[in-house]
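What follows is a single structure, and I will ask about it in a moment.
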Amino acid sequence: MSVDFWINVGVLAGIYGIFTLGLQLNAGFIGLLNFGQAGFMAIGAYAVGLLVVDFGWSLWLALLAGILLAVIGGLFVGISSLRLRSDHFAIATIAFAEIVRYVLQNAEFSGGNQGVLGYDEEWRTLSDWALAKLALIGLGDYTQLPLFIAVWLAFLVLLAVLIVLQGTPWGRVLRGIREDEDATAALGKNVFAYKLQSLAIAAALAAVAGFFVALNVTFLYPSVFDPTFTFFGYAMLVLGGFASYGGVVLGGILFWTLLEGTRLFDTALSAGQQASLRFIIVGFFLLLLSRLRPQGLLGNRAEMRVRP
Amino acid sequence: MSGEVLVTRDLVAGYVPQVDILNGVSIVVAEGEIVTVVGPNGAGKSTLLKALIGLVAPKGGSILLAGRPISGLPPSAIVRQGLGYVPQRENVFESMPIEENLEIGLKPRPGLGLRRRLDAMYALFPRLGERRRQVAGSLSGGERQMLAMARALMPEPKILLLDEPTAGLAPRFVDLMFEQVAAVNRSGVTILMVEQNAARALAMSHRGYVLDLGRNAHEGAGPALARDPKVADLYLGGLHG
Amino acid sequence: MAGSNEAGKADALQPHGAGTLRLSRPVLLLLVIVVLFAALVALYGFDATAQATVNGLVAGGYLGLGAIGLSLILGILKLVNFAHGDLLVAGAYFTILFGWLGLPLVVAMLFAMIATAALAVLTEKVVWQPLRQAGAGTLQLFLSAIGLALVLRFGIQFFAGSQVRTLGADIVSSITIGPIHLGTLQAVALVTGLVVMAVVGLALRFTGIGKEMRAFADNRALAEVSGINTRRIIDVTWAASGFLAALAGILYAVAIGSFNPNFGVTLLLSLFAATVLGGIGNAYGALIGGLVIGLSQEWSTLLLNARWKPAVGFALLILMLLLMPQGIFGKARRRS
Amino acid sequence: TATGPAAAASLDLTIGALLESTGPLSELGPPHEKATKLAVEAANKAAKDAGFDATVTLTSADSQGDPQAALSAARTLVDKNAACIVGPATTPESISVLNGITLQRKISLWPTATSTRLRTVKDGGTIFRTVPADDLQAKALVLAIEKHIGKGKNVAIAYRNEPYGDALSKGFTKNWEDEGGKVVATVVYDPQQASFDSEAGQVVASNADAYVVIDYPETYAKFGAALVRTGKFDAKKLFVPDAMAFAKVPDSIPGEAINGAYGVAAGAPTGTESVALFNKLWDEAGGVPNTSLTANIFDATILCFLSSVEAGSAEPGAITGKVRSVTQEGAPQFTIANLGDAVKAASAGKPIDYVGVSGAFRFMENGDPSSSPYDVFQYQDGKQVTIEQVQVQ
Amino acid sequence: MTAPAGPILEVRGAVKAFDGLLAVAGASFDVERGSITALIGPNGAGKTTMFDLLSGFGRPDAGTIRLAGRDIAGMAPYRIANLGLVRTFQLTRVLAGMSVMDNMLLAARNQPGEHLAALILSPGRSRAAEAAARESAIGLLATFGLAAKAGDYAGALSGGQRKLLEIARALMTGPSIVLLDEPMAGVNPTLGRDILDHIAALRSARGTTFLFVEHDMDVVMTRADKVIVMAQGRVIATGTPAGIRADPAVVEAYLGTPHAVAP
């Protein structure tokens, strides 16, 4: 039954959608090229795992702590690096995320190469309860459905909050900073404070995504928080449309459908070639889509055009 | 009568598909003339120059350079046919020193001899000569304006398109710039300029056009146009001395 | 304007004249390196320090050489070429292909560099030029670069497989200078890197095409109306970038000994780090940036377990950016 | 699909292979793919030889070296009716696949990951490993070094920074120190870095009596070359684990880096006849050269097939339940040389003991092999030559 | 603390150097509260650099700058702006990817909705402030001939329109002192006349102080109460327009041949 398969795609699209909302808030609305999102995600996820496993915290309390820690991470990165030029900031955030990943891989406290396991009991209990309820309407076989529902609930709520925020004067200041931070500062806006807020919120979103990754993978391991996922996030962002939260939803679904759906092709080729072909197809699609709709699915062509 | 070197007929152009900025502009520039285009902000004056130099693709009408159509050619090809252009904004290479800016300017006609042309420009704008290694991005507004002009003059163009050459210049340089324009013109260069310092520009022009909302609004001999009370009041900020 | 000439002289005498003792950043950097070297010698002895230094220069040489082409594209065409690592890979695999067709190794390498340059130009024609005409922004280009990187890398893997390959050079021979051992091929790679850096740097600075490239990088529209054939500039930039990428990829592949189609993507972040550290679009910067990263990583192995080496590189990158926000060779811009 | 245990029923078995086709371990993909293919061919041939109506098909998916992707890949295999899953190569991938899908469906999972961590997860008896876990191997390495270098000597360890090297290094250190030896250096390196010379320098600079390098051939090609370039490396002091076991030294590894070195790998009690046969099969098939862990993957695939025959069913849970019946101590032994006979016996519902290319299998409660004879081999002129066997528990 | 009655802006011995070049070399001057003061001088005299120092875009190497009695040298631009000093840029800086209206609304001061806490706690106040801001923005845009462009992206404005938007935007903040860097350069004279009228009206109505750099001598002579002349980083003269025009040093350094000045 490939319903399972598509539920899984939905879970991934949702998780990385939440992750990408943060990127959109940073890159799309205030012009911060945050390439360290995977690092914040790692902080959130590992905090959850370690607090539950090593300190016996409740999963839900650990989630809050994870978000808090990621926000602290965001503030730390922001305070130290926000005064850098935008391209330098981008590379500094990648560096930060990579340092986080190497620390997790090499330090004792994080389980190092052996990872963290066994923090998801509470979730499983909840999930089983939900499955029992779902069974009443004949959906009890889809074991990933509870996670799917949780992820998308969180995603849609966060999405709504961000969309509302963006329509406020607060959101307008962010866009002003994106366009020209000096000019915005000259109008009396504390650019640094806004950037910091934006980064902290993005880090919190990453932590929520990290929490769900932890539940989905059931095992925390540093490579799950590879910078590749930040790049994927940007791919989703651009596919959906620059400066569009709604675009993140579509971009996420499109990207993961493309990435996972291509697994379903069957050819007479060897497994190695088939796997290569899959990524070639993904690559071609990305090229084609950015050619056909440079502004992304929901992006604003005019807004993109006037950009220097 | 001298030939018409640059002619547009019912030129239509714009930046985005649905919106036309020029809605049929027709101008004639004859060889050896100074022609000035004035008009309100946003009338399409800069767009007209951009269309002539090839930065904006015309959607309708025609542009003739010495009788041959040039619409559709890339700017580098148009420049090599003897047109020079000073943009209104972003008119210097900010990361490069003054001297390299000028060197790039000579690109269409390297045969003229770099040293000779550089000396000529430094003689014209001594301020540039003093600062030849300063990167253009750190120059003051007026210094940039001088550099932009000098860059366009480097290859001794046959026709010069100037977009507000005196904006931001101190009075003595405004004088100098206008004198320079006149001198360049006397040496045989045809000039088409856009100016908000309109009264003075028109006074020295053979011919003037007023553009409004992307259309020809008035035209006539330069000084006469400047004296036309209707034109003066609507477009030139009232009558000047 | 005699007056301002005098003022110019007076300026130089002013005590506020921005400190005549202030050192330029590259000199400062060199000074720091020398001091650190001395400190390490004091702590760990000359032999170990010198060996780590040589190792660092070699590792940095690969990164710097690989980063030059990336830096050109980023600086001149304003394109985050995520596929650059895969151009390195293409260079190595073209060499295999030409070798398999029977060409001697050195000839195969040369052909491979040319082929990669052609490939880079082809990507311009097929991918980048249409996107530019459609008015795509930086992030749109970034997305396409991810797509192109996938197509290239897995295109190579599709035909060549993902198993490990070698170019069959002698990777164990080494030169011994006093207490220091240096692999012969490593030395070749390092020297090539230095030479290429100098050539590219000088070409950008002094040749006509180099100046045109910089003008283009600075202001595309103005470059066009100055009579620069921008198509040509773009093509030349791509060809140079592809050529340099292949050179770097081949040298790396030859010297490290074995590789598979992933080696480019694993180097990519370090290449970007080197590019940014040195100042985007600056050939010397790219190489110096690479060397700084390489040195710091290898020196760190004296102090810490080598497992921290990659993290040290990134930590240093952040530190240097904070201390020198303009990069080693970059310049500050006027804000008003 | 199969019905009941009736011997005559036809069997339509799909085996899923989770391969590292792309990603950081993609060099493992092609040889591992070939191993599964050879096994499926051997299985079909055996069924035919035995006159047993069975078709085995192989379906594979790309685990990308990433736990999340591995889970997605496993789902596609299950969608395509895979009744057991061979692979993946790493512990993180194995755990996410286990928890995400195979545990609920009682699908047997045959990872080549060697971490002891896999032993402690709750797998409901679905994980089987044809590779011995690191703790056994650590002991084998200790024995080999004691024999060829001596007891209580100084050892330097270098390993590739990932779960395999990490766990094996820890296990070895503990065992070696318990025996009175000393570990004078532990050097850890990232497989993808641009230079290994400093790390190699530290290994030789330790003046150890023996070196333990825990690596795969793909990275060792680079690390070994760096060792040789130090000018002070003696390959006779080098000991390597099973991931470095290969019949023929790959071209990418310089001879100076490996000839004379010792290694350990789980051995086969019946001698090396199966190994020779496997190598012959491999070479005849053409394609990628042989490398580490291919025999273990081959055996895992065969075991899945035999279990399915024994169960007379292609239902995942039934297969999982029969794995111990085809590796039963004391039952008649079969190898790939007489796989057809094994099929005959198994289809009759009799317990058998398949002795694989990588050795006999005694699965403990947790699905790991319990004890194992280890071959101690030496590389001589580019060939791996078994010089003795040690028994570890 | 109420501001003292003295000059709104006091600059003493301000110095700013770039790579050994003194752009501002010890300039001192005052700007009187409620005045319209022109800052003139040859190209490269340091006028824009002076504006940078006043508005926080550059930190003076030496000297003091007081705004309403308070030392603001080296203070962050946004804080200076919030003290009531707003500037425009010589090379225009519009927020290209935002609509003209949003450019204006962004400039509105005391908008509680710009702070997350206030936004959540009292959304009503934010909306009220927004409505008020929109109304004054519409008025200003009409004055500046941009009413029809309110919905367009600012990046699609012509060179002169950008200039106008910047001035309007600066006024939108309700400043006590506005620094205009060449407000008339590139602006159509007819429109320029209207804008100058508007500025004069604002000064009368609200007592707003204007300090502007301008090369158009007609404008300087007819509109400024007081003129400060800079050359080579120093203030070489201050006085009434008439007095300045008669100053031989000014004529030599700046005006050039006398005929350039319209009577």
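We call the chains A, B, C, D and E, going by the order they appear; numbering starts again at 1 in every chain.
The rule is short, and it goes like this: a contact is a pair of C-beta atoms (placed from the backbone, for glycine too) under 8 Å apart; a residue touches a chain by one contact, two chains touch by 3 or more.
These numbers were taken from a predicted model, which means no experiment stands behind them.
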{"item": "Length of the shortest touching-chain route, subunit D through to subunit E", "value": "2"}
{"item": "Chain of greatest Cα-centre distance to subunit B", "value": "D"}
{"item": "Centroid distance [mean C-alpha coordinates] between subunit E and subunit A, Å", "value": "43"}
{"item": "Distance between the centres, which are taken as Cα means, of subunit C and subunit B, whole angstrom", "value": "41"}
{"item": "Chain centre separation (subunit A, subunit C; CA means) in Å", "value": "30"}
{"item": "Residue numbers of subunit B (touch at least two other chains)", "value": "127, 138"}
{"item": "Of all residues in subunit D, the ones touching two or more other chains", "value": "21-22, 24, 29-30, 161, 188"}
{"item": "Of all residues in subunit A, the ones touching two or more other chains", "value": "106, 182, 272, 275-276, 278-279, 302, 305, 307"}
{"item": "Complex contact set, residues of subunit B against subunit E", "value": "15, 39-43, 46, 88-89, 127, 138-143, 145-146, 163-164, 167-176, 196-199, 233-238, 240-241"}
{"item": "Residues of subunit D that touch subunit C when the two form their complex", "value": "21-24, 26-27, 29-31, 161, 186-190, 192-195, 197-199, 201-202, 205, 217-218, 221-222, 225-226, 228-231, 250-252, 254, 256-257, 288-289"}
{"item": "Contacting residues of subunit B [partner subunit C, same complex]", "value": "53-55, 74-76, 79-80, 85, 87, 90-96, 100, 103-105, 107-108, 126-127, 130, 135, 137-138, 151, 155"}
{"item": "Touching residues on subunit E, where the partner in the complex is subunit B", "value": "18, 40-45, 47-48, 90-92, 145, 149, 156-161, 163-164, 181-182, 185-193, 215-218, 254-257, 260-263"}
{"item": "Contact set on subunit A toward subunit E in their complex", "value": "165, 168-170, 172-173, 175-176, 178-180, 182-191, 197, 243, 302-303, 306-308"}
